[in-house]
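Below: the structure, in structure tokens.
As written, the chains take the letters A, B, C and D, and residue 1 is the first residue of each chain.
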Amino acid sequence: MKNSFGTSVIVTLFGESHGPAVGGVLDGLAPGIPVDPDFIARQLQLRRPYGKISTPRVEADKFEILSGVFEGRTTGTPLCIVIPNENTASKSYAKLRTLARPGHADYTAHAKYHGFADYRGGGHFSGRITAALTALGAVAIAALRDKGIVIGTHIARCAGVPDRDFCDLDADLAALSERVFPVLDEAAGQAMQAAIAAAGADGDSVGGVLESCVTGLPAGVGEPWFDSLEGVLSHGLFSIPGVKGVQFGAGFDLADARGSEFNDEFYMDGGAVRTRTNHNGGVNGGICNGMPLRFSCMVKPTPSIFKPQNTVDFEQNEDAVLRLEGRHDPAILHRARVVVDSVAALVLADQLALRFGTDWLRKQP
Amino acid sequence: MKNSFGTSVIVTLFGESHGPAVGGVLDGLAPGIPVDPDFIARQLQLRRPYGKISTPRVEADKFEILSGVFEGRTTGTPLCIVIPNENTASKSYAKLRTLARPGHADYTAHAKYHGFADYRGGGHFSGRITAALTALGAVAIAALRDKGIVIGTHIARCAGVPDRDFCDLDADLAALSERVFPVLDEAAGQAMQAAIAAAGADGDSVGGVLESCVTGLPAGVGEPWFDSLEGVLSHGLFSIPGVKGVQFGAGFDLADARGSEFNDEFYMDGGAVRTRTNHNGGVNGGICNGMPLRFSCMVKPTPSIFKPQNTVDFEQNEDAVLRLEGRHDPAILHRARVVVDSVAALVLADQLALRFGTDWLRKQP
Amino acid sequence: MKNSFGTSVIVTLFGESHGPAVGGVLDGLAPGIPVDPDFIARQLQLRRPYGKISTPRVEADKFEILSGVFEGRTTGTPLCIVIPNENTASKSYAKLRTLARPGHADYTAHAKYHGFADYRGGGHFSGRITAALTALGAVAIAALRDKGIVIGTHIARCAGVPDRDFCDLDADLAALSERVFPVLDEAAGQAMQAAIAAAGADGDSVGGVLESCVTGLPAGVGEPWFDSLEGVLSHGLFSIPGVKGVQFGAGFDLADARGSEFNDEFYMDGGAVRTRTNHNGGVNGGICNGMPLRFSCMVKPTPSIFKPQNTVDFEQNEDAVLRLEGRHDPAILHRARVVVDSVAALVLADQLALRFGTDWLRKQP
Amino acid sequence: MKNSFGTSVIVTLFGESHGPAVGGVLDGLAPGIPVDPDFIARQLQLRRPYGKISTPRVEADKFEILSGVFEGRTTGTPLCIVIPNENTASKSYAKLRTLARPGHADYTAHAKYHGFADYRGGGHFSGRITAALTALGAVAIAALRDKGIVIGTHIARCAGVPDRDFCDLDADLAALSERVFPVLDEAAGQAMQAAIAAAGADGDSVGGVLESCVTGLPAGVGEPWFDSLEGVLSHGLFSIPGVKGVQFGAGFDLADARGSEFNDEFYMDGGAVRTRTNHNGGVNGGICNGMPLRFSCMVKPTPSIFKPQNTVDFEQNEDAVLRLEGRHDPAILHRARVVVDSVAALVLADQLALRFGTDWLRKQP
């Protein structure tokens, strides 16, 4: 489906960084879900550059809902949100048009689209498209929250600086939702920001790991084999620019463990089945076991750096040296968190609609 | 699509561990591809238990091609392979029917299917279904090989023992295709097998990391956003039982790196664009850059262990202690490798058919 | 999806007329649905040749359920049914291999599959594949019936002989379910059979129109635009060999009417909204309005006739004359009816599962 | 996929009649296809009301391309076109909000969306959405034409008045592309327009049959079973509001024929395989045989009429009488023709991209 994803709740993306607009269409969401423009604006704000550690390209991210909302609620028909592009600075890109920026899609876009792609600012490969994903995701996040399903993401690791682990999950998720720089331990957050600023001062960049939790997902959601929760979530998460690894529960961290350590023992907690540990990330056999869903995304260091880099001119087929100018973030982890939350919400809304029907997500009065 | 995957080349799985058979259907493969039953049998043999480190349940894995092959070649119509189940020992499972094996899908299957699932031997969640995936994957692996696209996987890490990295890729892939226990450094393989045996002796199990490489994939294959190569491959790979993490290139291993370390600089190598490092795993912006595709799967320790484990009886809703009997592997990494190769081949065959048309995969005379 | 169809409830077909077997996989059906082998056998019996008006190739249509049924009920995992081929007479086809039978897929299969398709008996294009569709459809038909949704089809017209219209729908549908030659007016049925026999005696064949009704479908099922009930049903129905037209309600029959005649006026019938006429076939804007779903399929005359026909040899690229031998039905309308019912049931089961969730189709105790 | 359609070339629709805009996204089209805004405008003009026989709501149908076009050519990434709504007259609808207009989707939308749908002007069910389909279809029509594939549609029958049949197909298709009221015999067109005007004078409406031909489609395009050309085309065509029947070739018109009349005999025409008749509409076994693709759509009489109609108030659950005011076409056949062409082009572009790869549709220099 290329730029669309989902089976019952389907998101479609469009737009280029320096074209008229980016946007997306969300189809299949239940009718009657409240749509709060302020919440969408707030989520877009979280995706914006932040303080000294981000690019000075600050866009208003004004969005327009073109369809699918009537009298403040979803209609059940496709919801289209468009975010016009403003403040674009195309010239600094034009002169580097045929130099492949390492870690970027310039060369692969050239190979795939034969030179017809809009190269300005990364075109359709720009992280700017995630603004559309964020706006649509906001509607899904709010709808899930009204059904008791809460999603949150923190920077588990950045530039070698670890955050603390989740402990009191409800409190941690509530705290994260208030934080522009999403860490559980604010001292760790200060250290991360210092490391980001240091990298930026060197004309360099950093990456790290985002860890997410989802509470309130009913046991039994998911599918065996190809549409395992791991399969559909990772499919969505790898669409986020810079994500190069996805793990559920402990993942690679416990690659050396034995089964007796890794297995999550079950116990009865009142009438509820729970596990004492959550190394499987709340998923057994592709299906939610009622424990919090837990997954991590490795986000590579931002590929745009100011250090000179060896590369090729893919039209001249010759070696070249790239010296980037313009505006670039030394880290995008903090901005990517809201995109991770959005993708997770859209994927889970789809799974829930498949499992319980298209009306399920509607808040009951 | 649940138990089906793919857009132009589509695989569908069916079967239960202790039912009459497991099997699968492969639709959309080009006509005229040679189908070698011996190669399918050999791939199935690689998936079988091996020596002292695997379960004594040894099945002949006799398979029957029900459709889609005529006079030794694919017809272009759906190819169905069925593998009858034999040598099943259902009784040892029946008495534990309502005890949730930690790390297994017993409880989640109960939550999803309301007690109607075939519980014997894990039913539809059994690793036995991967025999069907392996048989169908063999056809795709051979077809890709005829087009110069070679897939290989080694155990990069098992029970804390690392294998060496890929170096001479063509030679390494050739060597791996001959090895039942797929490592690059045979001494490391001996140490891994000793560690597996030791865990087995303790009634315990181990996991690890499988690393894969694909050579010969043309630059420009893949899609931006949702159908990135990372997205579609991870979707497929997470369907393999036990896989809890997928990364491309360096992934989590370089989470602490800076952009100047992580970025893969381009250079001209004769007329070809190449990169000096391959931390991005051959994928930029979701699209193949012509370098080898490189990804890793974290495989958790086999959840079936012989140590007593605390769990619940999900019909009685009470705590219980599980003492597994029967036959179980202390490790499945070496057996899972051929499943990883198969999934990768099926996913890439799909992407290539989408990109170049349904006839492309046919070997030209 | 080629040989698969559906979004939440998905059917996949495989097999060739003279290969080892035909079969299919049904994925996504709710768990706990009773599966009655006798009803499947009975439906297959309805698809078999009948009396003097059908081919003497009479197969036992023994089927085997390979997966997805446990202790007499669906498990919720993929249900695979295989029907071995027996009594095949391949020789009579081999000598005509490169002569394109008019109205058949011989030439188009050659154009698409470059000569690799199994040509024997029409290969994958054989009406024999509908046995698999019928077996899987039987499970869906029974499940829908348990939820109060009843499907029935009659021969509305054959060889110029019209059946009477539906009148007392419940009684008519009950009567049809008992009839091997499905007409409402048995005298019309006698006239049709005489016309079929007369065509057969001339070495010729006839076609006609099948009209179907579905009662009990809840208002609100369906989608606007592309997944209108008309869209998804016609997509499925046109897969039935020989169907060359599909209409909903009056369709082409009222092409000359005015809006005041065609529109179905609403009225309250007790608490229920109903329409006085049903020219729209129970569908407004792609969505069920609670009235019976009504649609018709035009089935072309069986293309296999014994009269000499001009054609081409598509390997020699020269004109030729075809003289068919072997066994061929002068009409397939009566046999196709159970296939129409099956396709309708599978498509509606999918729509209902999408609308109300995957558990909905399960009969509640 | 609800409001999306296609596998490799995918169209997604959004919008409501009286919301800010209608629009659509076209994904998967080859890069480098020229996009001519004047041709899009011309196609939109053909969809507009025409002369005395159409509604006085005349909108400028100004469209904006938001993405996917760069320097006058497709980029290969999603192409989004938005058409703002203007000149909306919502008030005349508001007072009839809960009266189900016979033949319209008011009641079914209420049943499906629980009262949350935008009811104004039919909301998402409005024929206005076909403006988006027309704009996107224009790009596909032009791309196909550059590859020698030409699509044309005439009003084969309106209000009982027949047009002549296609004879010199290339000349007929060329003539149709120039005509606002698309008939082959202009005298028949005059008679049809008189009949439409007479119905309008009576406060009534008429429908009819649109017949389409596509030349230049290569033999071998299409799939057996579910993705037969008939299946995918009908799926798309039934999404057009008012279409209640679709047939290929002769369809229902030859329901009474014998096989010897219906079968299309093959012959060699130079090096090309052709058929003498085309009762199968160019499709055998779901796959194009190289003859012109031929299909017809029955379009019901416009449901909006000015005669008083009995209906129900679906909120009060009581009988009511509807007296429509406002602006309504007594016929939409002539306007629907460009929508039929658009849907056919989009569906065929998808099939061609699947068959020959995503680059095929690009005009070679």
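The rule we apply is simple: a residue touches a chain if its C-beta (ideal position, glycine included) is under 8 Å from a C-beta of that chain, and two chains touch if they have at least 3 such contacts.
What you are looking at is a predicted structure, and each value in this text was computed from that prediction instead of being measured.
By number of C-beta pairs in contact, C-D leads when C-D and B-C are compared.
Among the other chains, C has the CA centre that is most remote from the centre of chain A.
With centres set at the average Cα position, the gap from chain B to chain D is 45 Å.
Chain D has its Cα centroid 27 Å from the Cα centroid of chain C. Per-chain CA centroids place chain B at a distance of 38 Å from chain C.
In chain C, the residues that touch at least two other chains are 1-4, 7, 13, 77, 112, 124, 224, 359.
Within the complex formed with chain A, the chain B residues making contact are 1-5, 7, 13, 100, 102-105, 107-109, 111-112, 124-125, 129, 157, 159-160, 199, 202, 204-209, 218-228, 230-232, 234-236, 238-239, 241, 243-252, 254-268, 271, 273, 275-276, 279-281, 283-290, 298, 300-305, 307, 309-312, 314, 317-319. By the touch criterion given at the top, residues 7-8, 77, 224, 354-360 of chain C touch chain A in their complex.
Contact residues on chain A toward chain D in their complex (touch as defined above): 1-4, 10, 12-16, 19-23, 25, 27-28, 31-32, 64-68, 70, 73-80, 82, 112-114, 116-118, 123-124, 359, 362.
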